[in-house]
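Take a look at the structures below.
Same chain, two partners: chain A is paired with chain B first, then with chain C.
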Partner chain A sequence: MPRFVRYLAPLVAFVALAGLLYKGLSLDPKLVPSPLIDKPAPAFSLPLLQHPDTQISDSNFRGEVTLFNVWATWCVACRQEHPLLMQLAKQGVRIYGLNYKDERAAAKRWLQMFGDPYLANAFDAEGRTGIDWGVYGTPETFVVDKKGVIRHKIIGPLTSDSIQHELLPLLKQLQEEDG
Partner chain B sequence: MIPELGHFALILALCMAIIQAIFPLVGSLNRTPDWVALARPVAWGQFVFLSLSFGILTHAFLVNDFSVLYVAQHGNTELPTIYKISAVWGAHEGSLLLWVLILSGWTVAVASLTRNLPDEVVARVLSVMGMISIGFLSFLLFTSNPFERLFPVPVQGGDLNPLLQDFGLAVHPPMLYMGYVGMSVAFSFAIAALIGGRLDSAWARWSRPWTLVAWVFLTIGITLGSWWAYYELGWGGWWFWDPVENASFMPWLAGTALIHSLAVTEKRGAFKRWTVLLALLAFSLSLLGTFLVRSGVLTSVHSFAADPARGLFILMFLLLVIGGSLFLYALRAPGISRGGGFANLSRESLLLGNNLLLLVITALVLLGTLAPLLYDAFQWGKISVGFPWFTSMFVMFTPPLIVLMGAAPLTRWKQQDPAALLRSLRLALGISVVAGLVMALPVREGSLSAGLAVALSVWLLTTLLTSLKQRLKNRPGIGGLLADIASRGGRSYYGMWVAHTGIAVFVIGVTFVTQYDIEKDVRMSPGQEIQLNDYRFRFDGAVPHKGPNYSAQIGTIRVFRDGREITVLHPEKRTYLVQSRPMTEAGIDAGFARDIYVSLGEPLDNGDWAVRLYYKPFVRWIWLGGILIAIGGLLAASDPRYRMRVLASLRGSRTATGTASAEVHA
Partner chain C sequence: MMIRRVLLLATLLTVFSGAMAAGLEAFDFSGNVNEDRYKNLIAQLRCLVCQNQSLADSEAALAHDLRREVWELMDQGKSDKEVKAFLVARYGDFVLYNPPVKPSTYILWYGPFALLAIGLLVLLRTLKRRSKQADSGFSTEEQERLKQVLGTEKPDKE
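Let's look at the complex of A and B:
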């Protein structure tokens, strides 16, 4: 019997992998709402991407409906998403950025190259703030209401479809709420 | 009405697949020749119905039948005809249909090209392929029916994803699927051999050409994808370690290990268990790739619409196919004989070393791909296993791989005298070390990585030449070479030769473009000039342009060298009208030793544009390497000894049939 057991090793490894994949399915970020939804946005204070000496904090979000977009220059999907953020900014949507685990020079160059849709960018080199906000991967976009409460989170790149049917209606509804 | 016929044809194909999965296998076990004989006609039947179904979906795209939901989502009247056809596999449902069609195509290829094999072996192989087909056809019919209707019928369709409106990406998926699905042939041969308990060098010889051809398609598919990413995504990269790219790379790595391991099993009867396991692994990784792409477990640029119900279905299917096959392996493996022994230094041992290195790389790619999932599942916090991680892993494991690659063809089977090996490698070693050192010298702006890459490439080439010289000792001149190529086993050897040269070319391309490329992001006003390396770029502004289904801004950039204009480039910034999605089309001047690459960024004020300029040395060599590897694979697969056996046994089987009928008449 021990000989037989030895050759079970690949099967055991595969079953472990399958278990992980099953867990992955149930963890599907697009299905499970973040525990932070309807909670106040986690506090942070970080240097600005463009001006390292100036700090930006979550208090910047108060009073207006805001998008908080997590991005990085090493993230391929962020490039895909970027032009849509540019369009949103042109429509007057307030977008702040969290530049996540990135290099300052590369990030600045990116904004110069592809355009800058952000009111300001927090520079999170170590990814501490990202962890506090429960960032799963880049890009992610949080919708923060006038009271500074996270109301929605979109994981993965925005698409014209998700903007039309999901994001813009929600922003409109939140605009009508009291601050 | 016609789309319903397509749906019906799919159902009939599933019925055929069920018959194909059950009867030939059972017939081969309880010796019922009629059931065994069912395998081939049923495989053809399945292929006919799937072709019909695929043809009907294509027809729906061509005539803009937006009453079919899938066509309404991804078709458009303004789409150029070629993209109406490629739109068939432009999204989940249709690409899955293409997948099963290709599987069925491989099945009939096996059915018609294996007349020389024992009938019960073919019956089992076709049965296993039928089982795989059942899984995918049920997936298609129960979760992703491409013929679903839509009412009311929209006047216009949602258009094909603009990223996919490109020739490179129109042909990329079919090539890749040919490779993925082709690995199912090696898998089915392995399962059939495990069922029958007959794992011998004949089994390896039957599997070899099929595995090679599938691997060639995978190579072409990956190369095409890389080339497409380079010119279409607009930032000059050619590989991103994206989960979906990794999903195609892992079966390629396992497939590479498999074709080498099969060689050992065929020639020496060794590595049998290992080869079987690799055959199971290569196809399992193809299936895993499908799961990753379609379940939405990982986010990626390439991801299809994520649907957890689909993910669960594929996961169940994975459990059945991979779990079942590994269980069968565990049952049968103890009974497999060890085969020919070999010394610590022999071609077998070097190939085993290479196999292990390839598998280590496969495991690392798998780990890197699944890392976000792992960390999330175990709450280890977040890490980013990004580009630098993959690159450093690769830089660590590729050099030993190449060192072994160079030495193996000069090493004897079974046992090699170390001193003799060292003697034949001496010259190659000297030349490559010197070449590497020269390249690494700081005077020539050299670098350590460039030096290492040159040393490894030169090592590969010089060892290949040494081995050629040894091989042609008794066949001098061009005539001798041609005679040797035509000889039995000749194309196998020269296929290896060409493919390994491809690796050398690829290594040079990758290293040089990473080490020496120059990029500049600039704001350019019309008429302004910018110097980059030896080249001067003049921006002559951008003008609006209207395409069939997009509007664009087309820039003009003239490139000068030594005061002479060498090319005019027209990078574009397109906005596709239906999906209002912006796309860049890079302007590229391709060359053997360098590419000049420009892409348009954002329009700024006063007609100024953000422009990205690149000088990319030797970037073409990356794909040239891929092409050489594919040619080498084809050459090896076309070796006459695979066909000679077909002819010989055709003659044999004819005599056998003759005898059989004679007996009947008697």
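Let's look at the complex of A and C:
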């Protein structure tokens, strides 16, 4: 082994380790990768928020690219995200909601006050569907493709930035896929 | 002012620790579910919300729901392995405090042993080289001369 290699090795090792740790600093440990990505959306059948007697199921997603947004009135970040959902709905994005561990009256009032971007809301009082979807913090937004497969999950509130750079390009790409 | 603050803090701490201790919901362990098995299992599962707590320790609403889920699965006669598989399918390996051994975690599990092996190799090589140097530092002639110069016997020192 040439001499300079032997002297450089510790430096190289140090730089590699420093790089690794630096990368670690910018990772958010709160973001847990979902094992559900690229898997069929978990089946569910829940009453509608607005009409308790009618059921909604995962089959509503089939055929079209859909957002499935998990929200609750007790969730502060959901309030922050809500205007962006309204904008998306106006642009023609199909959004279904999962009203998660909430109170029906409070949730209905919320939609009256702030507007309703959802095609329909499933009412998950006990949070079991939430568990099946691996929800661990509201808001969460799943992107479901035409075949009913989960393609992406955004944890935490949507931002105009994540919508522009992450969500809309993906939706466009998924629209072009076959159903 | 200071004393009042300390008192307030002490009161709050007392109240909240009481609430924490009372937090674990009372499940019925008279039927299918063995309490020790249940407690052992939830201690091995991570709470997704407060990530450095196990399901057994966490007060988060989700932890509460997941404990209920674990209890119900056990009540249905599911094994520990099946309960874990149920949670991993939804939340990923992250719910397990002990990451499973698989290609993406080989570094984690075997890395330390690899480092140890490398360290031992380096140590062995260094030791070998040192003992060699001690042997062949001087040729036989040089050693003879050294003896002449220094004197064969060490001077006695009192």
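Please note the rule applied: the second predicted complex is superposed on the first by the 147 of 179 C-alpha atoms of A that agree within 3 Å, B and C clash if a C-alpha of one lies under 4 Å from a C-alpha of the other, contacts with A are read in each partner's own complex, and residues count from 1 in each chain.
One rule holds for everything that comes next: a residue touches a chain if its C-beta (ideal position, glycine included) is under 8 Å from a C-beta of that chain, and two chains touch if they have at least 3 such contacts.
Keep in mind that what you see is a predicted model, and the values were worked out from it rather than measured.
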Partner with the higher number of touched chain A residues, chain C or chain B: B
Chain B versus chain C as contact partner of A:R94, first or second or both or neither: neither
Which superposed partner A:L36 touches (first chain B, second chain C, both, neither): second
Which of chain B and chain C A:Y22 touches, first, second, both or neither: first
First, second, both or neither for A:K146, with chain B first and chain C second: neither
Chain B versus chain C as contact partner of A:I131, first or second or both or neither: both
Touching partner for A:R109 - first (chain B), second (chain C), both, neither: first
Which of chain B and chain C A:R62 touches, first, second, both or neither: neither
On chain A, positions contacted by chain B and by chain C: 29-30, 101, 127, 130-131, 136-137
Touching residues (chain side chain A, partner chain C) in the complex: 29-30, 32-36, 42, 101, 126-128, 130-134, 136-137
Chain A contact footprint on chain B (complex, rising order): 233, 235, 240, 242, 273, 277, 280-281, 284, 291, 295-301, 303, 306, 308, 311-312, 315, 318-319, 322-323, 326-327, 329-331, 333-334, 370, 372-374, 376-377, 381-382, 384, 386-387, 521, 523, 579-582, 601-602, 610, 612
Residue numbers on chain C that touch chain A, as the complex places them: 48-49, 51, 61-62, 65-66, 69, 88-94
Residues on chain A engaged by chain B in the complex (per definition of touch): 3-4, 7-8, 10-11, 14-15, 18, 20-25, 27-31, 74, 76-77, 79-80, 83, 86-87, 101, 109, 112-115, 127, 130-131, 135-137, 155-157, 160
